[in-house]
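Alright, structures below, take your time with them.
First chain A sits with chain B, and in the next complex the same chain sits with chain C.
Moving on, here comes the complex of A and B:
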C-alpha cells in the first residue's frame, strides 16, 4: 500500500514538473508578442481605449483565480461539494471574461484600432491568443468539474483538477502583463 | 492502422474546416479557408491516428484502448500509435532517413543547376528546390538525432523503462506526417516556395497559398519539437535509475538535455514569428508592414531568437554523441567530463544573446552589432572546451578505428574547420563582405553536415546492432566513411572559395568565370550522393541477413549494452543499479558502470 502511494506521488510530481515546463515554454509566446508591441508602437496608446472595461476584465480574472485556489484547497482536503462550487464559479467568471472580450472589447477596438494598424495588431494578437488560452482553460476546468461530479478525485489523487487550476492561474498571470501593456502604458 | 484511420479522420476534418469557411463566404483557396481546413485536418488526423483510441476516451469517462505492443501487433506496431519509446525512435529514424535521402536528391538537383552559369531550371523552381532542401534538412538535423536516437537511447542510457510521458511522445511523432504532406503539396502548387527556409517577411506574405502551407508545416514541426523537448527534460530529471547521479550521466544524455532545454524555450519564438506571418496573411494584421505601424526587421529578430539556438539544438547532441563514441573506442576515461558538461550548459546560456550576428547587414546601430559580435565570439570558449575534451581523450589512446569511431573523428576535423571559418561571420567587418555569399553556405554545411550529420551517421552505425540485433558490414561502413569524408571536404572547401569570389547564395545563376570551380563541386557532390547508396545497401542487407549481434559487441560500459539486442519491451529485466562513472576504462579498482540483476537495486536510492 505504501509503495502504491509513493508511486502515485512520484507520478504526480512528474506531471507537475511537465506542466511547469510547458508554462515556461508557453510564456515565451507572450513574451515575444509583448516585445513586439513595444517594438512596433513604443508606448503609444490610442485615447479611445475603454479604461473601465480593462479594469472590469482584470477584476474578473483576478477574482476567478481566488475561487480557483479555493477549489484546489477544497479537493486537497477531500471536500468535494466545496470543490464543485468553487470550480463552478471559476468557470462562470471565465466565460464572463470571454464574452466581454469577444462582444465588447473587440467590436469597440475595431473602430479605433482595426487589426491593420500597429496598435490594433498588438491588441488583437495579444487578446486573441490570451482568449484562446482562457477558452482552453475553461474547457479543461469543465472536464475537471465533470470528473469531480463523477467522484473521480480524492484528496490524494486529483492531479487533473490541480493541473487545470495551475494552468488557470498561469492564464491569469499572463493577463497581468497584458493589461498594463495594452491599457495603462503611454 | 493509424495512418489510414488518421487520413480518413483528417480529410473529414479538412472538409469541415473548408465548409465553415464556405459558410462565412470564403473562396475555398483563400488563406482563411486553407488555414481553417488545415487546423481541422490536424485535429482529425491526430484523433484518428490514435489520440482518440488511446487517450481522449479517458476524458469522457470511457475506457482507453490498450496501445499496440510486440505481442499484440508484431512489426505492424511501427505503423501505429505506439507509446514504446523504442518504437517511436525507430519511427523517427525511418521517417527522417527517408526525408534525408529525398532532400539529398534535391541537393543533387541544385548541383545539376549550378553545373553551368545558366542552368536548366527557371529561378522560381530553383528557389522551391532550394527551400525544400533547406527546411527538410533542418528538420532532419533536429529530429533524427533527438527524436530518433534520443528517443531510443536516452531511457536506455539512464536505466528507465520509458520516457516520462509516453503518450505525449507518440503525439510528437504523429505531428510529423502532416508536415511532410504540407511540404510536398505546397512545393507542387503554383508559386512554390520562393523565400528560402527562413521565410522572411514580407516576401513570404505575398506569395500564393504555397507559402501558407510552408508556414503551417514549419509551425506544426515546431509544436512537435517543443513537446519532445519537454518530455526529455522530465525524463532525464526524474527517471534516472538508482545511482545514476548527475555526475554519472552519459555525455550524450547531457547533450540531449541541453538541446531539449533550448527547444523547449526557444522554439516558441519561431512559432510566434510564423504565427505572426499567418495572422498578417489571414486576418490582415500589420506586424511586418512598417507603413501601417509594424516593424521592418521585427520578423528577423523573432525568427533568429529561435533559429540561432536551433543550430545548438542540432549540434549539442552531436557534441555529446561524438564525445561518447570517442571515449568508448579510445577506451580511456572521458577527458574533462565536468568541463564538457559545463561547456554544453555554457553554450545553452550564451545561445540566446547572439542572434543579431545573422542581421549585421540589416542596418542596426553599431553599438548593437558590436555587443552581439562580442557575445558571439564568447561561444568559442565553451566550444573550444569540447574540442579539448575530445583531443585529450584521443591523446595517447590506442583507438579502435571502427566505422562509428571514424565518423566521430571526422566530426572533430570538420567541425574545427566549421568553427574557425565561423569567426569571420561573427566579426562585423568581415561579415559585411561575406554575408549572403557561398562562404556562409560552406561554413554552415561544415558545422551541420560535417558536424551534426557525421555524428548522426556515427550514431546510426554505433547503435545499429542494438536497435536491429544484427551487425552491419564493417568494410562497407568504412568505405562509406571515406567516400563521405573526402568528397565532403572537396565540396565545401571550394564552396567557401566561390563565396570569397563573390558568388551569391539563393540565386539560380552565377558569373561565368566561376564555372570551372562549380563543375568541380558538382562532380564531387554526385560522388557524395552515390556514397549514400553504399550506406543504404549496407543497412538493408545487414537488416535482412547480417550476422546476429550479441548484447555487447564492443565490450562497452554504458547501460544500453547491459540488455539484449534489441532490448525487451521494458528495456531491462531488473531495475539497474548504477555503481560508477560510465567512462572509467582501464582505471584500477573501479567497479562496472552498473549491474542489472534481481535484487541489485533493492536498497532504496536517495531521491
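Moving on, here comes the complex of A and C:
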C-alpha cells in the first residue's frame, strides 16, 4: 500500500514537471511576440485603444483565476460540489473574456489598427494567440468539470483537475504581460 | 492548510492583484514620463510572481517526495 502511494506521488510529480516544461516552452512564443511589439513600434500606442475594455478583460481573467484557485482548493479537500461550482464560474468567465475579445476588441481594433499596421500586427498576433489559449483552457476545464461530475477525482488523486487549473492560471499569467504591452505602455 | 485559511489567502491575493492592476492603470493614464515603462514592468512582474507562487503552486515542483499534496 505504501509503495502504491509512493508510486502515485511519483507519477503526479512527473506530470506536474511535464506541464511546467510545456508552459515554459509555450511562453517563449509569447515572449517573441511581446519583444516584436517593442521592436516594431517602440512604446507607440494609438490613442484610440479602448482602455476601459482592457481593464475589464484583465479583471475578468483575475477573477477567473481566483475561482479556479477555489476549485483547486475544494477538490484537494474532497469537496466535489464546491469544485464543480467554482470551476463552472471559471468557465463562464473564460467564455465572457473570449466573447469580449472577439466581438468587441477585434472589430474596434480593425478600425484604428488594422493588421497591416505595426501595432495592428502586434495586437492581433498577441490577442489571437492568447485567445486560442483561452479557448483551449476553457475546453480542458470543461473536461475537468465533466470528469468531476462523474466523481473521477479524489482528494488524493486529482491531477487532471489540478493540471487544467494550473494551465488556466498560465493563460492569466500571459495576459498580465499582454495587458500593459498593448493597452498601457505608450 | 485548512479550507478557511486558503480562502482568506486567496481573497487577499485577489485584492492585491486588483490593487496592482489599478495602480498600473493609474500609472499609465496619469503618465509618469520616463518612469512609466519601468513602473509598468515592475508591477507586471509583481503580479506574475503572485500568480506563479500562490495560484500555480510553483513550490510543489521542488517537493517531489510529497507529490505536491
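What we mean here is this: the second predicted complex is superposed on the first by the 186 of 186 C-alpha atoms of A that agree within 3 Å, B and C clash if a C-alpha of one lies under 4 Å from a C-alpha of the other, contacts with A are read in each partner's own complex, and residues count from 1 in each chain.
Here is the rule we go by: a contact is a pair of C-beta atoms (placed from the backbone, for glycine too) under 8 Å apart; a residue touches a chain by one contact, two chains touch by 3 or more.
These numbers were taken from a predicted model, which means no experiment stands behind them.
In the superposition on chain A, contact of A:118 is made with chain B only, not with chain C. Within the superposed three-chain model, A:70 lies in touch with chain C and out of touch with chain B [touch as defined at top].
By the touch criterion defined above, A:33 lies against chain B but remains apart from chain C after alignment on the C-alpha atoms of chain A. By the touch criterion stated above, A:169 is placed in contact with chain C alone, chain B being left untouched.
When both complexes are overlaid on chain A, the residue A:136 reaches neither chain B nor chain C.
Looking at the shared chain after the overlay, A:24 reaches chain B, while chain C stays out of its contact range. With both structures placed on the common chain, the touch criterion links A:13 to chain B and to chain C. In the superposed pair of complexes, A:154 makes contact with neither chain B nor chain C. When the two complexes are superposed on chain A, the residues of chain A that touch both chain B and chain C are 10, 13, 17.
Those residues of chain C whose C-beta lies close enough to touch chain A in the complex are 3, 6-7, 10-11, 13-14, 17-18, 21, 24-25, 27-29, 36-37, 40-41, 43-44, 47-48, 51-52, 54-58, 60-61, 64-69.
Residues of chain B touching chain A in their complex: 59, 61, 164-165, 168, 226, 229-231, 233-234, 237-239, 264-269, 271-273, 275-276, 279, 283-287, 292-295, 298, 301-302, 305. Of all residues in chain A, those touching chain B in their complex are 10, 13-14, 17-18, 21-22, 24-26, 28-29, 32-33, 36, 39-41, 115-121, 124-125, 143, 146-147, 150, 152.
Across the interface of their complex, chain C is touched by residues 8-10, 12-13, 16-17, 20, 43, 51, 55, 58-59, 62-63, 65-66, 68-70, 73-74, 76-77, 79, 156, 162, 166, 169-170, 172-173, 176-177, 179-180, 183-185 of chain A.
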